[in-house]
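Structures are listed in the sections that come next.
The two complexes that follow have subunit A in common; it is paired with subunit B in the first and with subunit C in the second.
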Partner chain A sequence: MEERFKELAAQYCTIDAKDITNDMTFRDDLGFSSLDLMTFLGDLEDEFDTEFELGDDEQKLSNMRTVGDAIEFLKSYID
Partner chain B sequence: MSKTLRELWDKCAESFSDKPAVRWIENKDIKEKSYKELDTNIVKIRKGISAQGLSNTHIALLGISSVRWVEAYFGVITGKNTAVPIDAALAPADIIDLLNRSDTQGLFIDPRFAALVPHIRQHCPKVKKLWTLADEAIDGTQTVSDLMADGEGSEDVAAPQEDDVAMIIYTSGTTGKSKGVMLLQKNLFTNVEALAIGPKPGVVFMSVLPVHHAYCLVMDWLQGFQMGAVLCINDSLLHIVKNLSVFKPHVMLMVPLMIETIYKRLRSAGAKMTPEEVRQKIFGGNLKRIYTGGAHLDPYYIDEFAKYDVLVLEGYGMSECSPVISSNTESHYKAGSVGKPLPNVKIKFSESGEILVHGSSVMTGYYNMEKETEETLKDGWLHTGDKGYMDEDGFLYINGRVKNLIILSNGENISPEEIETKIALAPIVSEVIVTGDDNALTARIFPEPEAAASMSKDELKAALQQILDEYNKEQPTYRQLSRLIIRKNPFLKTSTRKIIRAKVDTDE
Partner chain C sequence: MAEKYALTAAQNMHYQWIKSYKTQQVAGLSIAAAFKFDLDFEILKKCLMLEAERYGCLRLRFTKPDKNGEIQQYLAALDDEPEFADLSGGSMEDADRIMQSWAYITFDGDDIPMTEFKLVKLPDGFRGFFAHIDHRLIDSVGVAVMVGDVMQLYAYYAFGAEYPAELADFEKVLKSDLDKAANPRRLAKAKKLWDEDLDLNGEPLYSDIQGRSVLEEARKRHGDPDLRCADIERKQLFVAVKDYKLEAESARQVMDFCMQRQISPTNLLLLVLRTYLSMVNERQEDITVENFISRRSTTDEQTSGGSRTICFPCRTVILGDTTFLDAAKKIQNVQNRIYMNGGYDPELIRAEMKRRYNTPDDTTYVSCYLTYQPPLPLSGNPKLKQIPIRVKWFANGAATKKMYLTVSHLPDGQLNFSYHYQTVCLEEKDMEVLYYFMMRILFRGIEDPSRTLDEIMDMV
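Up next, the complex of A and B:
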């Protein structure tokens, strides 16, 4: 799952999927804008056939700092 | 013919009656309403509002883009009341402040903001009526169906006059308080008229911008309806790319941030697919035109999108001008410019190069803010706060700002003073300046020397970060402070002890 996650994340940056590590931050290390992160989360919904709840959760998504944070978040939906 | 939004809407309802007006996603299905169906509800809503005793008053709308929001908005602006669209992402205290300052008496509210209703009841004594934008009413409110039922059998409401205030729209102020831009019926009508795109029934728009923005309301909704377009509502920022394939729009209105995100997907997909495959997969297959404004767009993106036959047309505007001032068009186009001024607009430049605007779309003033109105509107000329120039062919270019606003590429205008006054309340903060860097906000803080001396470097950083976290908790994403810089020295100041903003990174 993590491998596919990083392949999708690599679409938004110039770093190869294999070089993305869990401690990297979306904004400073990967250069994501807030909208890149939102769109990427939309890709994750499609890829892993899940639906993130909006409302309060949307705030949580936008505050997600690291790749590891987002992987844990995704796991909480698909486990 | 009177230049009112009633006139505009009635013509749409008559000309495009059975054609689809709005599409949206509900429980994974695509729903649709025709112009006629929309008109039926719009008329019922304005009659209901009148039957409940609200006339010549202010009615706010709090919610995200939805067909119910749009019906309610048109129910207000085609009748005898003034609409006050409110950014639902604001902190609850700011929403309450705007409802009070706008003298709102009725409020349409999306059920996802139900938690605000008791606070509004408690702190907004002028709000007499609340209507839920859903089938089930939030406690202490009525549904829109109840409102429509109250108007049944009554005469239709008289049409508004050209000089009636159609809408008050709040925009960032440089004095720490947002300002309510009063737009008359004729201001909005003539802005749509001057865009002069002409009817193209059946053209598909996908609306992705926040519906409370003047740019979205005028360019997507008013202009789209005037053309007989089908307006498709994007249900979440998470789904823009996916929904391009669902709705297959021909036209979209975007802020530069969205173009930048889609470009990243293009760059990645373009390496593996043919241009036609990219057109289908990323742009949904039909997209031809993107209108953009709200912030500067690097012309590089225009060239990149052109490779996929998507024309990006940059324009310029502000809420105070209803909002479009100039725009590139298919026939009059120069990359890097913001196009030629609309035919109803005159432009001149002050000695310092500030762009001044005069014309029928210019606002009548800020609501209950005479001083700010006088500072912005002088002898009928609106002082935009932007600097620019015009080339020999009449194309306008923007090259700086006079006012101290941070423009993010999502089009949001942030007043740094508004945030600084909140952060400066913390005793540990001696001086603070907020700057916009790489599309995010940075707080540059010079701490109180005594407090700083009593802490380790890490303790000081943690204490200041906590202040930022507290502030961020209640703010929409775009207003959050994502970086902290702790200064070792006070900021450089003028002789009158004002911080020199152009030199905030000196002596850090």
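Up next, the complex of A and C:
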């Protein structure tokens, strides 16, 4: 799952999937804007056939800082 | 034979405007990019022709509407060589006036090229090109990429610089967009998002930059004292433009605030604009501003061209005792939800409102449109970097919107606030007042974001 996650993330930046580490931040290390992050989450929903709940999770989504945070978040939906 | 594709939601937005306003002029997009040096027009011509090959979106054409009024798009060759125009005989204002008149020209007909280049020799030693393109082919970010790529090609042929990297395949990205948009789960999720907003907040309420009187007049005209929308001007579309520049130091303060508070410039501007609307509409708390977003997130999307800018209503119900910062975060949350569902066709949102509230034809809940543009990523070639450049966007002269504000960065660090307004109902003075109060609200807010919106409105 992590591998596919990083392949998708790599489509949004100039860093190869294999060089993306879990401690990298979306904003500073990968150069994601808030629009990029939200679009990426939409792609994750498609790829992993899930649907992130809005409402209470909204703040969690917008505060997602690192790749590791996002992977954990995704795991909570698909596990 | 070229494969034909449906329009994307972003393209459909422009097509619907063309149909509603009955002129392609509303979809005109024009820019002049010129450099102050002895540019070789033969090389530039070659670069522009090559650009049309590299940047597939420039070669798009549209089919004749079918019996349902739907059109399709396909790629074809762009063979016409750019004409040369010598505008160097008069002043720069004279040259701008001529180019402005070109921006009003429409692309009329089916299955025809929708891109036109001209080579232009301007006063004061500037030489470059004028591009006139249908907005369904490209948006402002796409134009910025195009200008940068043309100049990199020029640097390759004229100065022996490195050949620019290939641009992403427009057709591949288009197919991906259409596939994503057709995903039933995505569609259902986006529809649920917009439906829930209407379930929660009910019918939106119009707010006008000229105050409550506009809504009251619409209520009288329709004989409905509870009407919550106002009329759209469909005939007199002439638009004037007034630019104001926020000096570099103040612009830096704004961007620093955005960085420190993790608020995007778009969301900050939305807050400022909605606060002004609230202030002049009897402190109305339910405000909608239409916001354009440029859906370019993947690296392919960034260089594939196309028209990816799409406009969604940013509706917020914010009480006056909310702090500036909390209000900004509330807008950010609304926008994040919109971003996550950015492939949705906004026409479906309007259709749902019409279905629920029986909204009269030719009315709207929105008077203001906003777009925030990133800086033009011009060539990194050192030879070109040292050369003065002049980039000018030309309005198409036909506004589909009462007031459309574009905020962009200038090379000298200033922020340009460009107000496009329908002259049938607004005057330059209205824009002056709007800009004045927007700046007052902006700086009262960022100097102390714990102030409430009511406090800020009282202060300004």
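Methods note: the second predicted complex is superposed on the first by the 79 of 79 C-alpha atoms of A that agree within 3 Å, B and C clash if a C-alpha of one lies under 4 Å from a C-alpha of the other, contacts with A are read in each partner's own complex, and residues count from 1 in each chain.
The definition used in the following text is that a contact is a pair of C-beta atoms (placed from the backbone, for glycine too) under 8 Å apart; a residue touches a chain by one contact, two chains touch by 3 or more.
Nothing here was measured: the structure is a model prediction, and the numbers come from that model.
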item	value
Touching partner for A:Asp36 - first (subunit B), second (subunit C), both, neither	both
Contacts of A:Glu3 with subunit B and subunit C, given as first, second, both or neither	neither
Subunit B versus subunit C as contact partner of A:Asp79, first or second or both or neither	neither
Touched partner set for A:Gln11, first subunit B, second subunit C, both or neither	both
Residues of subunit A that lie at the interface with subunit B and also at the interface with subunit C	11-13, 33-36, 38-39, 41-42, 45-46, 54, 58-59, 61-62
Subunit A-facing residues of subunit B, complex	112, 236-242, 257-258, 260-261, 264-265, 268-269, 409-410, 439-440, 472, 477-478, 482
Footprint of subunit C on subunit A - complex, ascending	11-14, 32-36, 38-42, 45-46, 49, 51, 54, 58-59, 61-62
Interface residues, subunit A side, partner subunit B - complex	10-13, 27, 33-36, 38-39, 41-43, 45-46, 52, 54-55, 58-59, 61-63
Residue ranges of subunit C in contact with subunit A within the complex	180, 183, 185-186, 189, 193, 264, 293, 295, 297-300, 332-333, 335-337, 339-343
